[in-house]
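For reference, chains read A, B, C and D in written order, and residue numbers begin at 1 within each chain.
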Amino acid sequence: MSAPRPNDPTQPTADDLRRLYRSLRLIRRVEEEVARVYPTDKIKSPVHLSIGQEAVAVGVCDPLETRDYVSPTYRGHAAYLAKGGSVPAMIAELYGKATGCAAGKGGSMHLIAPEVNVMGASAVVGTTVPTGLGAAFAQKRLRTGAVVAVFLGDGATEEGAFYESLNFAALHRLPVLFVMENNGLAIHTGTEKRWATDRICERVETYGIPAQRFPTSDVIDIRAATIEAIAAMRDGGGPHFLECVTYRWREHVGPGYDYDQGYRDDSAYKEWQARDQVELIGGRLTDTDRDAIDAAIETEIAEAFAFAEDSPWPEPDRLYADLYADRDFTPVRGV
Amino acid sequence: MSAPRPNDPTQPTADDLRRLYRSLRLIRRVEEEVARVYPTDKIKSPVHLSIGQEAVAVGVCDPLETRDYVSPTYRGHAAYLAKGGSVPAMIAELYGKATGCAAGKGGSMHLIAPEVNVMGASAVVGTTVPTGLGAAFAQKRLRTGAVVAVFLGDGATEEGAFYESLNFAALHRLPVLFVMENNGLAIHTGTEKRWATDRICERVETYGIPAQRFPTSDVIDIRAATIEAIAAMRDGGGPHFLECVTYRWREHVGPGYDYDQGYRDDSAYKEWQARDQVELIGGRLTDTDRDAIDAAIETEIAEAFAFAEDSPWPEPDRLYADLYADRDFTPVRGV
Amino acid sequence: MTDTRTLTYVNALNEGMRQAMREDERVFLFGLDVDDHKAIQGSTKGLVEEFGAERVFTTPLSEDAMTGLAIGAAVSGMRPIHTHIRMDFLMLGMNQLVNMASKYHYMYGGAASVPMVVRSMIGKSWGQGAQHSQGLHALFMHIPGLKVVAPSNAHDAKGLMIAAVRDNNPVMFVEHRLLYPTEAFVEEAPFEVPFGKARVIREGGDVTLVGVSNMVNECLRAAELLQEEGIEATVLDPVSLIPLDYDRIARETDKTGNLIVVDNGWTCCGASAEILADLAERGTRAKMKRMGFAPTTCPTSPALEALFYPNPATIAQAAHEMLRPGKTYSPDPERAKLAYQVAFKGPF
Amino acid sequence: MTDTRTLTYVNALNEGMRQAMREDERVFLFGLDVDDHKAIQGSTKGLVEEFGAERVFTTPLSEDAMTGLAIGAAVSGMRPIHTHIRMDFLMLGMNQLVNMASKYHYMYGGAASVPMVVRSMIGKSWGQGAQHSQGLHALFMHIPGLKVVAPSNAHDAKGLMIAAVRDNNPVMFVEHRLLYPTEAFVEEAPFEVPFGKARVIREGGDVTLVGVSNMVNECLRAAELLQEEGIEATVLDPVSLIPLDYDRIARETDKTGNLIVVDNGWTCCGASAEILADLAERGTRAKMKRMGFAPTTCPTSPALEALFYPNPATIAQAAHEMLRPGKTYSPDPERAKLAYQVAFKGPF
């Protein structure tokens, strides 16, 4: 990062730090609660937790405005929450309830929050890269000034659609920020069995796309880079790419730890824990501020789970509802 | 190219030049004949001529041995012939005759010559990149020492499967030479509407794959690079990439010229004609040698067309033949 | 209301897209080569000139990501028309079509919708061969959440295009290359042809022929041949395949007691299978038969390609065999050729 | 010859692959995560240890190119088994499967063949949702040149696997996740279950139930419920879907005059449509019905998911309605649950 300038918007104010902490902590605690409740079988779809990776979503989403879009992955709780998705609607969705953000039809892997422009997440790796591209195309065409943050895992970079998307985004100078969450794993397989080299940033740059790598996913650094990328993109500057090296603390899917499974030990986990962004940012707050935020989050979470518990199941006739969107059509001119 | 070494196999001998000329000239003349006959409606499938691009196929295929494979494109006459595919079987295939290399079921876009390891060509752009990759995998596993030359157009580099293939080839160090025939066009659309940048070689190198660019597709240069790549690959050296900039003299599909169609003028055509590799290599031969080769080629072509003319149509019952391969199975051990 | 203006199928497609784009600025048209001088065999001619390169543009060869782009643009406020010159190339976009487009509205509980049109063309003959000739509409019919339409004439080409663009769901728009030059009466003002309403093109009491896409024409020509034998055929055009007008097909089948479904595609798990299965479930007493591509890959040699497709003579023969089993009948090749002069222009 | 050894479906798959790999060194097994400790839910367990990383290996997430790799390796002398943990992911390999694998032998006039097996699993329940639960075998049945098998039990899982690996064509090998723990008698020596031969698993004179994949079990359980009502059902397992044993299905249908086809997939243009259409063309007089996934996307909420799939109670109800129309019948939920204890182990 370059040296801080006076009034540099990339340098967090005390307010910024409180907001960042709130977001990091909310995600951490929501997912811990999901993990705690999971064994009770109240959660009705497989969960891919982001615990340990929160800084990426928070660093990117914090500077986004509501009009900006996020295209998340199936490991998408963090992006959904960081962009301002409703906690009760998310938990209700995990519970399979009618009040869920996808009316109980999507589950954990298919979160969506149109009210804050979180696009639908997909369980098929890589598919939300091109759909995010499409949202960016729409923003450019509709001249909304909005940008799109597309999240993808290291595994998703192996799918051809990723390269097709980079090429098109750069060719059409679309306002899209590709955010690669590189946790070094696709399920249990490390990049050494999947990548010929790790020169991804260099590769992305051959498309004329500025690329930056964050070896420890420091939330302040990611946020700063995002602020600069957003400014450039709102100015018509075309796509940007961030490689955020991070670490998945828990198992690929499900609530537990899996350091006993033989495919990794907990040495890296301990390193990453030592620089846990939730704690680091929390440590920069006053105790009063931190306690107040923590308490508010606990209340919010408790209410969200209670809401999910109390919500009704979808009525049987909902099975057939929403297969097709209705026929309303009002032409729009002057876009 | 580096300075010639004594006994440098990359520097052509007089024999080499005669062979290169024969191959260049054969392709040129076969395709000119195809173009001449086309309006008579005897040729029963759309043809994508390589006229002007022969040097790429010839430079690459000349140093290949029979055991080596070629994975061609639908613009594949040149690669098929350069690798030693039968002329009569090709012409008969274009005529839709039972004696065609695909028994009349494939046509111009689906040439194949298993006897010289020309794999089947495909009309869907990019599909023969991964199939060529598969042949390279087989060569490595079966320890044949053979290599695979995969041809692809500039348009094919836009398909995601190309990047997936590069990554896997490099990861598994497969003996595959990717040969990109960059004629700057996909049908009528230039790369400026399709490519964010032209930094393809640089991009390929990020996979750890050595990449070289040939701005005029000089046949001797391409041959020299191929010889070195083959040697490295037979030694377990993994994939290589050649970008051969070339020029399509005729229309995308069909026998004619299309400089009157408004999407390109003939200025570049004239430049490329001035350095036509058929003429340049021909010019390095004695008149006697050249005349003898030319005459032999004319006879070969005349015979091939006569063969195609005289060959029977497939019998009606062949419609149902060859949908499934037979059930013979003899296990193989010790591969 | 009958119109007296005739238009070719290709120009009707063009007019449909043009009017849809004029009507709503969210509509854009993209896909490989939509903006070159060949203009997808003329169907996109003049559109880049009228609407500019922002709304009419070609793409890199990247069908997978471009399909995703259409979906993403559609869910965030645009109305794309994605064009493919061959249906075969849709296989590269299958993941986005099957796993995203068809499911988006349902999977997110109605929170978003995907108003997009995917145009693609079935190729035929001239030795196009295995990978340039497939009619793969049945693959899309199988997946809930997609709509599938297959206009057989210029009138429907325009009316279905306008309806498809106005629809808030992904619509697979199946064209047939051989239909491009065919003419029909087409109103000049924008109009919609509704989905899910089959149309009787010809009435006859002896046998019901259901044709899909270009096979409507082959059926009409077969009906001419059959008439010479004293057999009267009803020819029915389903117009849209999803939704499918099962009831009308059942009614028209019950009237004659004999049904032949002729598809521009394979029969196994095809549109023709779907129609017969539905009728079977209804307990119809009619005789029923499917015709379509031969159950093989499409060969290039004209000697074999001719046998691959149903044609007026083979359709007429099948109907004859159904009505007068065991009686030999093979239409005079000259008369069968003449049948190719039959064409339906309307009124609709 | 009856065997007395029982094996689970997952272990039978494993044994089939293991024996096929021992028998022929050209066989290799690859696909995402085949070599990790979870070993595709155990089905590939121990194989990398026995055959080494050259013959058993994971891949990058690159389904399109990896499918092409399998094809290219197959045409040049190898015999790949390409494994996908979900059938839904095959949509990324559709271009290579539809445009290359299925056509390679025919399109090149028999000059090459493609001996490859593509394993994939239908997921079910636990809220897997829209993109992890599809049974898409009908898409492959539609394309000539592919074979499609769907073992319903451990015995067939092994025998079909060995036959598939020995086959010189691309074989889509459809597994079902819920079947993995189920047991059957399975011979230890390598054996083949032939393609194209349906099997009667249970005989009864009143109604014929054809079940695909796991739906064979649901049909067996439905048969138990029906028996309590005095209705005897034949349960038929097609074993392979392409080739399909049309004749046997027709024979067993004619015996009872009542047919219900229950598929692990959608019915529109599905395997069940194909079966009914064939019978309709034969002029069967039987009553016929299709059951399968609800004609919607698969929802995650258990409240809706339960309604999405056929189950013993709904199958039994459908049969009851067919045989005793208008008579109400709804199996006691407790008895319906008990039906889940029925399992077929053989003999085969």
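In the analysis below, a residue touches a chain if its C-beta (ideal position, glycine included) is under 8 Å from a C-beta of that chain, and two chains touch if they have at least 3 such contacts.
Just so it is clear, the structure is predicted and the values come from calculations on it, not from any experiment.
Student: Report the chain whose mean Cα position is at the greatest distance from that of chain D.
Tutor: B
Student: Can you check which chain pair, B-D or A-D, has more C-beta pairs in contact?
Tutor: B-D
Student: Whole-Å distance, chain A centre to chain B centre, using C-alpha means?
Tutor: Roughly 45 Å separates the two chain centres.
Student: Using Cα averages as centroids, what's the distance between chain B and chain D in whole Å?
Tutor: 41
Student: Measure off the straight-line distance from the CA centroid of chain B to the CA centroid of chain C, and report it in whole Å.
Tutor: 37
Student: Scan chain C for residues touching two or more other chains and write them down.
Tutor: As it turns out, chain C has residues touching two or more other chains at 59-60, 62, 64-65, 88, 91-92, 95, 99, 106-107, 129-131, 144-145, 295-297, 299.
Student: For chain B, which residues are shared contacts with two or more other chains?
Tutor: Within chain B, the residues that touch at least two other chains are 100, 104-106, 110, 122, 124, 158-161, 164, 167-168, 171, 193-195, 323.
Student: Please name which positions on chain C make contact with chain B in the complex.
Tutor: 32-33, 36-38, 57-65, 88-89, 91-92, 126-132, 294-297, 299-304, 307-308
Student: Write out the stretch or stretches of chain B touching chain C in their complex.
Tutor: By the definition above, chain B touches chain C via 44-46, 96-98, 100, 104-110, 122-126, 155-156, 158-160, 186-189, 193-195, 261-263, 313-314, 316, 318-320, 323.
Student: Please name which positions on chain A make contact with chain C in the complex.
Tutor: 69, 71, 100-106, 110, 112, 114, 117, 119-120, 122, 124, 127, 129-139, 141-142, 160-161, 164-165, 167-168, 171, 321-329, 331-335
Student: Which bits of chain D are touching chain C when the two form their complex?
Tutor: Going by the criterion above, the answer is residues 64, 88, 91-92, 94-95, 97-99, 102-103, 106-107, 129-131, 134, 136, 138-139, 141-145, 242, 266-277, 279-281, 283, 287-290, 295-297, 299.
Student: Note which residues of chain A are touching chain B in the complex, please.
Tutor: For this pair, the touching residues of chain A are 158-164, 166-171, 193-197, 199-200, 202-203, 206-209.
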